[in-house]
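The data blocks that follow each hold one structure.
Same chain, two partners: chain A is paired with chain B first, then with chain C.
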Partner chain A sequence: MSDLTVVGKRVERVDVRAKVTGGAVYAADVQMAGMLYGKIVRCYDYAHARVTELDLSKAAKCKGVIKVLGPKDVTQKEYNGSVLDMMVSSDMRGILGDIDDQSIFTTHVKHYGDAIAAVIATSEEAAERAAEKIIVTYEELPVYLTAEAARQSDARQFRPEKPGNLAFQLPEMAFPDNAYAWGEVDKSFEEADIIVEDTFYVPKQKQCQMEPGAYIALYDDQERLNCWTSTQMPKLVQKKLANLFELPMTRVRINATVIGGGFGARLGMVLEPETCALAMAVPGRPVKVLSTREEDWVTSPSRHPGKYWMKMGFKKDGTPVACDAKFENYKGAYYMDASGTAFTTGAWLGGMYKFDSLRYRGESYYTNQSVCGAFRGYGNPQTNFVMEQMVDRGCAALGVDPIEWRKKWHKTIGDDGWCIGVPYNSCALDECLDRAAKAIGWTEKRAKYKNQTGTIRRGIGVSVMNHTSGAMPMLLEHTVCDALLHQDATVTLNLACSDMGQGSHTTLRQVAAETLGFPYADVHIAAGDTDAAGFDIGAHASRTLYVGGGAVKQACEDVRKQIFDRAALELGEAVGNLYMEDKVIHVKGASNKSISVQTIADQGVNNFMNPENGELIGQPGQIQGYASFFPPHNAPPFGASIAEVEVDMETGEVKVIELVNAHDVGRAIHPGIVEGQLDGGAQQGLGMALTEETYYDEKGICLNNSFTDYKMLGPSDMPKITNILVENPDPTGPFGAKGVGEAGIVPPVGATANAIFNAIGIQILEAPITPEKILEALAEKD
Partner chain B sequence: MSSRVMRDFDLLLPESIEETIALLARHKDKSAVLAGGTDLLVALKFDYSIDNVISLALVPGLDELDFDPARGLTIGAKVTIADVLRSQDVKDNYPALWQAAQVFATPQLRNTATVLGNILRASPAGDCSAALYATGGSLLLKNAKGCRNIDLDDFWISYGVTARCVDELAISLHVPVPAQGEKSAFRRMTRTTEDLSKINAAVCLQMAGETCHKARVVMGCVGPTLLRLPKVEKMLAGAAVTPELLRDISNVVISEIAPIDDQRSSAEYRNKVAGVLVKRVIEAALNAKENDQ
Partner chain C sequence: MKKHAITLTVNGEERDLIVPSNRTLLDALRDDLGYTDTKYGCGTGECGACTILVDGMTTINGCLTLAATMNGKSITTAAGLARNGHLHPVQEAFIENDAIQCGFCTPGMVLKTISLLDENPRPTEAEIRHGLEGNICRCTGYTKIVEAVQDASRRITGSNVSAIGE
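This part shows the complex of A and B:
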């Protein structure tokens, strides 16, 4: 494939100029004539309470106020902001037990920041001033922040259909014994010479996307509901809103605005329901709803926190005989992705090593925390923190090198992937490990850091992961793409795939240009209008290049085929005798016979009759390619990270010195974009390991829903990073590509934890691993 | 809860010190002086008592950052952290202040935030404040009735509360000429690099060979105001600074501080690392090579 001309090149990103010059139009920037502003009144006094009285009268009299809406003034239909229920068959939906349990405004506050009412006014300021005049009286209810608290027998029930506040556990029908399992775990443990076991805590990490929520909705004169939003999933949100407001899809239109970062925070509906409900109350006028950072924090979903227990058994020779695990997550106030994450967290575990037997249980408990849902990695970072520390504990007990052990026992081609029954069809993890080890000097450093005694100690740790490119076969994977050939032989692709900054519109364009044999500049991507674009699941599960790219490739192959068919007719040659160069189609071995794509494209549109003989000149009809693409596989990417840290034994402070990431990416369609994904992933992975966590006081009041006290790593905290792209083309990906959107966040989590273990000889069981926890652990050891 | 809407206030733009003082005299506690605004604008989101914001933007005569070997250092009210960081005089003569400026927030913040604003905010976490408390200094305050100098030792009263009267404008800070053999340093700990201190410390030592004549030792985030550590200062005064002394000092620190649990750290952790930090900041002061950071 060395003759690729656009794929593999670092072309200019389609979004870069607008973003760096400030030209990009985000939802917050959109202005419209007659625009009104909505302010949502939220409960910031309690995490669990009943509204006993709601007085909207004072607010209604405020200057500039158009309308004030309480729970009874909007649709009474409940909904589920997540889109998981739309990605599975109706049978599976029943088995998974997803329920609609959110309402637009509530009288039963279930988390800090739950929505009570809203004001619509002529300015943002007027709306906010009036909102302050809404008087809400509450009856305080007991607060449950953890699974342990929520499942107490006397705990109040969040939903009658979910007894014990157990929102979800792997369902018996699909998972006997409520477990994702193979082999006989209990028996296998009897064969183990070494058993390691512990309970970990994984934190409530926030995506911290740069753009806080901003929405506009307009119920227009055609009685159509229009919504401007930076959602990652325009087509599913269109359907969700159609269901919620009981409208046909033709009467709901999503205008997807520039996305200022997603990472899962915009996976389903966030404040689209509230904004649309306000707009429906004032037909003909656009209503804009802008979130503060603090509000966005508690209304958009976070990573699932919770207790994660794991036990592993090994034979003396290192054979991994058994793995038993249970993740009890603190789901938050509403169902959302209760089923999805509880399952995938175990799927990544199952996809990694060749244990003789494995059993994973996943449970989601309702709690009075803000909602949890999708976040880059979708359960994988949690599993990485736990699984990889347990493996290293095992390796320490066995006295084997952690890289050697991983190379020997990780799953590979032919083994079941994260989904039992779907075997891996490509895997270059060994090469990832070898190259990462060499790049950082693993062997020498591992030897050097043994038996340190000083105040400042170094450590080096490794971690590996498997992930996915799209969620097939668990979830629907489908993208529709139209490719329109204009009369000047340039192409516009029309599809609903979002570019949330991950660079997908650039890489999709590269795939199109390469497939067509056209220059990169000759292709444009039109996306974002659900009136125009066909179906697409949306940007999630590292799928956009893999599945969207598959659709683009197929649609462009269709265009190319039509061009060649017409050329064959015009030249009177078989298609097999033709080839294209610089957009001119030639006959092999006959240099004087050719026709340009431009001529074919133009004749297709501007088609006339020859007045002399009455025959058409060229072939009539504008060429348009089409694909409704369902991928054949999920092309799992693999990756390894090695981190080197320095730990201050007197203060517990950790400094990450170096991080090497080596990823099996199939093919890097745009190496710079892949590196960007790995760097950005590393920033979030290191953050989860070291500093990031949203937390609450005992009453459920969130204490750090802003950047003042939620600490992400900044530029000066980042280590030296080396990214190694291992290109081992996947047989099913477009030009061999696999998804890389999520992979980068995963292995830095475990690698950092293991490097700290290597430096201080103690494993810290709770993430983030703060200096406070390290000092405490060191004191306990003494 | 934070707001997207800035509350109503009048922005007053006086063009002289006299005019500023007249405005302060008129509006008193219903007003606030705006220097860099990096503290004030955050406070305005929550504090509804301020109706008049008096900006120093157009006031001349407050930009002075001047070092005179005979008189010492003068820092005007509009001198920013970035100005301090650019000053070779500060770097050479007041390393603690320079080091505090170096780790202070981000370039954007340093270009805006002022040294005097840091002092007037009266936060127990103030980095430049900690450094200046160690070197010592006095603030020149002015109101309609006249001027007065107040020593930093008497300036911070409790969390966010100072000895400044509501009608006084801080004009400048005066820092004395460094004594013979003076060595100073500043160190802090944070959750991430660009963060407020979870704990910080500054020292100013008058050394004669191995012996310390006089010491000022300051610690932040361990009480309602920045604290001096008198026992530690006494242990250092007249003593040879040996590893044993440093170990003893490190053990005493905990008896002089009263940290609390908050978002940035815990009382327990602060108690554990305070001694280490004091030991390290003393070592940093003593080990600094000439012209080293």
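This part shows the complex of A and C:
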């Protein structure tokens, strides 16, 4: 593969010049003539209440107010803000039981920050002032913040069709015994010599993407609904809005703006429905809705928190005989991704180790918390925190080295992957583990940190993960790509894949240039206009390079084939006798016979006919490549992290000293981008393990929906990071690439927890592992 | 609300405007003058997305500053860093070190870096990390940003740092 000229190179990213000068246009930066501003009135007094009275009259009289809208002034249709229900087939949707349960404005407040009404005014300030004049009277209702509380028999029901407030459990029809399972778990445990079991808590982590939600909508003179949004999923949001407002898709246009970070927070609709409802109330005027940080926090989805029970059994020789697990998540007020996360959390568990038998149950319970949905990893970080600590507890009981055990028992090529029945087709996890261990000095440090005394103790821990590149076959991965050859032999690709900052437009352009045999500079990616682009499922599940790249490659191969077919006709040679060099097509062994791509492209559009005699010159018509691409697999990425920590036994503080990440990435199309994904993932993974949690008081009032009160690791908190890219090309990925967008967040979670276990000899069962929890655990031990 | 007539020099261009007492510099720059390169990330001075340079090398948070208090001040935003069609060396360093992902923190991060290097042209890694504590990035884990600042420190001589914001 050394003949690659663009793939594998650290080319300049497509968007960085605009971003470094501030010229990149994010949704909040869009200005339009006649712009109006919307302010949504939210309930910040209660997490569960009924609106008994709503008085909009005073607000309507305020200066600058154009319109005030309550629940009855907008469509009464309900919707589901997540797009997950559109990523599966209709049959599967029915089996999963996904429902629409969100309203644009509500009279039944189900979480802190639920939307009640809105003001449209001539300035943002006027809208805010008027919003303060809306008088809402509430009847307080009992608050249920956990699954345990929500499933009490006397608890109020969130939805009649979901009795017991059980939004979702794995459906019997697809998952007998409501479990994702193989083998006979109860029987297998009888063969176990060592059994470990515990109940963990995984936290409600927030994406904290730097750009808060910003939306503009315009119902224009052609009665088309236009929405400017930094969504990760333009085509599915287009369809969702079309459904909600009962418009044909031709009358809904998403203009995808530059995305200031996503990490799942924009995987679906957030305030697009509200903004569009406002715009439809004032036809012809654009309406802008800007979320404050605090508002974005409680309206965009978070990671699913909850209780996670797990039990593992091993034989004396280390054989993993059985794993039984149950994740009960505190879903939040609305259904959203209730089915998806409850399933995948177990899928990642099932995809990791060769247990003789395994049974996972996933349940989502409605609670009066703000909504949960997609967050980088989609259940995998939760599983990593629990599974990897249980494995290390098992290894401690067995007296075996955690790396050696993992190397022996992780699943590999030929074993069922995260989807039972779909075997792994590539796996370089052993190399990841070996290289990570060597880089950090695992063996020496594990020996050195035994039997420590004193206040400051060091520890070192490992964790591994499997993930996915797109979600085939569970979700219907699909990208459409057009590749247009211009008269000057440059190419514009038109597709709906979004770039959240992860660099996908850069890597897609690299794939295009490499496939075409053109310079990187000769390719442009046009993306984000749903009028122009064909279907794309959206940026989720680490799939944009793998699936979008597959579509780009196929469309560019189509262009290349058409170029060669025309060259063959022009040169009177078989295609097989031709080769391209510097965009000129030559005949093998005949140095005088050639035609440039430029000539072919120009003839097709500008000079295809002799006007004097009407004879054709060359081959008429513009060359355009097309692909409607479905990936054949899900090219599983694997990864290992080893973390070294220092624990202060007196204060309980944990400092991560070093982190080594070794990932099986298939092929690094752009090594700098891959490293960036692993670095950024690590900041979020370490944060989940150590500091990040959304707190509520007993009334369900969110206590830390701001950067002031929610602790992310800052530049001085971050450890030295070493990233090792193991390149073992996947047989199905474009140039062997696997998805890497989510992988980086996963193994630092378990590695940090295991390093703390190694340092202090105790496992902390609740994430984040705060100093308070460590001190409490140390006190209990004494 | 009382209104104030003020003059700001933004990226070398003098601009007159009338602002109510409660208008933040961030809103004045973004909404009144169109400098949308200055970003709203939190509105409470936590994230640094609205970092700007004032009268040379001092950084402030636009979201915590009232525009009316800035009369006569000279302000530099990310849009004003290029000279004669060339990006500032700090901007080049951010590009070449892959220190930019979503880009939302980038204008503020670049301006903070310029201020930091003006104060301390050869910072240690710890000094860089400490210096960037007021600017949140959620994409990069700071690794490549720190590398970019180190690289910028090598590229910059004292004179071309302080040429900015004159």
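Everything below uses one rule, namely that the second predicted complex is superposed on the first by the 776 of 782 C-alpha atoms of A that agree within 3 Å, B and C clash if a C-alpha of one lies under 4 Å from a C-alpha of the other, contacts with A are read in each partner's own complex, and residues count from 1 in each chain.
Please note the rule applied: contacts are C-beta pairs under 8 Å (C-beta built on N, C-alpha and C of every residue); 3 or more make two chains touch, one makes a residue touch a chain.
Model, not experiment: these values are computed from the prediction.
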Chain B versus chain C as contact partner of A:271, first or second or both or neither: neither
Greater chain A contact set [chain C / chain B]: C
Touching partner for A:20 - first (chain B), second (chain C), both, neither: second
Which of chain B and chain C A:386 touches, first, second, both or neither: neither
Which superposed partner A:121 touches (first chain B, second chain C, both, neither): neither
Touched partner set for A:691, first chain B, second chain C, both or neither: first
Touched partner set for A:775, first chain B, second chain C, both or neither: first
First (chain B), second (chain C), both or neither touched by A:292: both
Chain B versus chain C as contact partner of A:88, first or second or both or neither: neither
Which of chain B and chain C A:706 touches, first, second, both or neither: both
Touching both chain C and chain B, counted on chain A across the two superposed complexes: 124, 290, 292-293, 706, 708, 712, 714, 716
Chain A residues touching chain C - in the complex, by the definition given at the top: 10, 12-13, 15-26, 28-29, 31, 124, 207-212, 258-263, 290, 292-293, 500-503, 672-673, 675-676, 679-684, 706-708, 712, 714-716, 718, 721
Chain B-touching residues of chain A, taken from the complex the two chains share: 42, 44, 124-125, 128-129, 290, 292-295, 650-653, 691, 703-704, 706, 708-709, 711-714, 716-717, 770-772, 775-776, 779
List of chain B residues in touch with chain A within their complex: 1-5, 106, 189, 191-195, 263-266, 268-269, 272-273, 276-277
Complex contact set, residues of chain C against chain A: 30-31, 34-44, 46-47, 49, 77-79, 81-82, 87, 91, 94-96, 98, 100-107, 110, 126, 128-130, 132-133, 136-146
